[in-house]
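I'd like to ask you about the structure that follows.
The chains carry the letters A, B, C and D, assigned in the order they are written, with residues numbered from 1 in each.
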């Protein structure tokens, strides 16, 4: 990706301001889908996680309200144009929209974040000057205190699921720090996807560097590679009784989770596969990269299909079913299990 | 690779015995090339590392004597048909030959070993029941106490460089244990290259397993992937002043070396690149996967070309030069630096 | 300590029940001292940490109300007779009273706890069958999921400061589990203070055991030893500019904190010593073992004297002053810094 | 200990030179006791460990020849006046003599060393400027690359057992580096035994320091404390079936061995105690601090008594017997087990 094509002269923040009345009306309509316009809250506001159980957000429901937000707010007015999924875990889940030609401004914060790309024809994130192209299914991480900004250089909207640890870090632990970058966007280094070149090849690491950070030096995990890995593995292994063939996105310098507070996973359920039920201290947010089926969470059936998002509250029994007789189902998930493991509070239990 | 094709009915150990006179004559001819027939030594014999300096073994010199050994000894008579390169480091370097249709019998030992494949059209190693195909430039590891056997199912000889820690483990530390497998060869599981499927994808690990061993769960590092990684990285990075763009083969569950006593590296020298000189407590054995150039080791110039092997004794200053104006040079190397690092004895120094 | 003397026939839980009216009146009087009767709250209730700043609890104020609680509730009715200090950190601080002849029943929970003994002539805690005598200034730990009960075999009340991580573990992380022991008290092994015998000698560990738990195997840190260590060190070192000569109570098998969520410290301020001001992400609760002086916390002066307790909220600048021209001051403190360190969220900053 | 008393004006290296003939005769007499005058060997000479089995050196035999060495060599002529015990392990064992008023010059080397004091009324070692008093039974360490010198400020000879890893580090690993100090002795800081004050109290560590070295910050482990710990533990525990109540001298900041290549232990055998036989990859050198009994090593009975030294070669079955019906026996030992553990080569086996 060369500089001229990726950063057109026209790339900029956008400016839109609407009336308070319009905004209130909009937020009211979002309630039907258990969403809220996070950008409309007071700055720094951290809502208490509501006392809600398992839930699913269907793509057919959430996409249109999200696209409408582009008419209500600009990325000059707010740093992120996001709709928050209202759910009771300690992990934030937002849908973010970046419109063609638009920049979402550079900043950094102590909250760790990840992006699971849903729609993108050529958007990218810049993390610490490294330009990371975003394709559907890709995982992009922006760990604690790394500079990051987003841009969309194509003609189609870019949408992704944001995962963060806001309720934990900003809420429970009172450790929120946030800082704006001096400019709207970082100037990325000329070569793109350098973290992937350096740290993305299985079993090989640059020998001249000592990675000293607590998070993974790899910021971009392309879906094409993860899918190939899952398919290859599913051909030869059965995996976990509770999750089937499931892989963790890891820090290649330690084998640990991508970030100290959030772990990410991808898994494939074979046609008609039904997993055994179990539960654990951590909660999880799932995103269906491809497939259709359902999960039973503490007795509630959550039907899901491609691009749906659903949540499994902490300590809830859950099992997954791929309803298709012929197609595999691919799930992405992120959890706070590293927090419980680090503090020796993690427990896991099979359903009786 | 399915069972029937990979393990033809005809696959077996071979049997050849020649006269003592012939053997002595053969070993005499090897001296000119600083080699010895390790299989002709008394069982369990660990030669003292000779007090020798830097040296190079050219492929044009060593290939023919190695092939002749097939007429002198069978793999029924000795577990491994190997010529040892006589050099003064604490790391063993052997050239191993497995003839078409031949098995090198299954065993395990406390010495750690690796194989850098030089010629192979379809040989394989089985490590702990996992069948690992071997292509030129591939790295295959057989760590401490893992069962392993080799076979060649094609019509052409298979040759590789064996790297081991015999002088350290069997010699200095007196910790040699060795055991024969009840049969000539392990029966591999039906699916091949499973370690690569499970642990070979960058940044992804099977989430249902806890790898509890001190060595890498990945036993096969294909050259095609390593070369692509080096080329990709060389396009965007300059790497180390002493080694250029160099990557370590690592344990993906820890980011550490492939085995507790041996580290492996691959590197690319750009056309005309000359590195700065440095030295370190550890020694290194290099193998030229592709390219031509020379290294200066404590003042001695070692010219090398594709398939040559050369050694850099511990604490020797060394620098590398790619002599080609247009082609990259690819070097593989293995060292005992993990030993010195684990025992807090490692030091490194740039040449003045 | 032999069984017969330590566990007299008369040792038992006590039973007292008073009217709701009396209870309400009592709780009302506690408000003046920023305390609450934690035992009178609904079972499992975890109050939100109030939004309060630095504060001090003087022994002259809190002792009498605490002693009165013995007339209001028995240890048959509630597992612990505790007054909670109302403060805004994520660490619980309670004053606990065990009357002569009384047992506080055995249980275990996922919340980690510690006891800093204030008054005791012969009370003890049993942790995992190990009987730990409690003398003033001693630190006793009862880590996550260890069985523990308390008893008082003397004629005088026993009082200590309880430190816990309830707001974090039961509140923020939703990881509370609690279990009652089948009997009122564990039957301790005959030998007392075994953890101290095994793990309490500097630089020596039992060689036949592999301690596999995430917390310290040492449950009892006698004040006599800690004081001697502080005095010895103060004679030869100046320590930290922010804390003077300060030592961490550590896990001797790892050098880390006593428990994964709570760290404990003791420090000595020399006569007239004034430390420099700094702040950090973690909060701290201090207890004055001996001495008088004051601390300035975010501009608020907290005067303290022997047996006072005070709190420093997270990210508050604080400095300590020993007001005595001739006597050292000894402070104990416990903090949640291990949480922030484990999650890579810890920061520290000197005052400008 | 103040400067004036500990470092009298008369403290200095001594100078003695005798004829080559006398020296040869002396070395000849040492052979009867399996000793050699290590100081008479060429500088830097590392003898191959001889192929010898278990052996014992009785104090009644070795003391007199050692004292004679003071008439044969001065500490101006050689850095250390030591008799080497000739044994086949990879660990050096020397008896060192420092005469009244004498200095053994300051130097440092990559070999790790320890001292088990046998006779001393007031000798000391200075390690990195810290003056460490030496009393009988004390363990003093001088880790890899730490400056150290010895002195004897009393009227009686000082003698100790030196343990080193010379055959491993200088021999097998070729990693010897050695450096003389610019002066005969370091000028110690005024306060003595500071490492003990800082790191010697059980479960307490200075909170303002981050110990970043791979060895223990504690350089002095007094016998009085170790003996009390063993006696206390022996009253309540049975310990290991193979070793009885045995404690490891540890690094209080990690719980690991005192140095990366050498582990140290002390143990008490109760009257008439006989341990079960076992063996392990590592070798051990034992010193009898107090007591009498015997050990059976691969079928050879080694009788020992107070101040004897004996060796157990690697992988030899061994068991210990305290022959006294009434007195405990105290053994000190040092081993190379950390080397085998770090390199994943350690194995242990009970006798059938």
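The working rule: a residue touches a chain if its C-beta (ideal position, glycine included) is under 8 Å from a C-beta of that chain, and two chains touch if they have at least 3 such contacts.
Predicted model, so just to flag it, every value in this text is computed and none were measured.
Counting one step for each move to a touching chain, how far apart are subunit A and subunit C?
Counted as steps through touching chains, the separation is 1.
Which one of C-D, A-B or B-D makes the same contacts as A-C, at least in over half of the residue pairs?
More than half of the contact pairs of A-C reappear in B-D.
What chain lies farthest away from subunit C once each centre is taken as the mean of the Cα atoms?
B
So what's the Cα centroid distance for subunit A and subunit B, whole Å?
One centre to the other, that is 42 Å.
Distance from the CA centroid of subunit B to that of subunit C, rounded to the nearest Å?
One centre to the other, that is 58 Å.
Given which chains touch which, is the overall layout a line, a ring, a star, complete, or other?
Shape = ring; chains linked end to end, path closes on itself.
Chain pairs in touch?
A-B, A-C, B-D, C-D
Report the residues of subunit D in contact with subunit C in the complex, numbered from low to high.
191, 194, 196-208, 211, 216, 218, 221, 225-226, 228-229, 232-233, 235-237, 239-240, 243, 245-255, 265-267
Applying the document's contact rule, which stretches of subunit A touch subunit C when the two form their complex?
90, 110, 144, 168-169, 171-175, 177, 214-215, 260-261, 281, 314-315, 339-340, 342-345, 347
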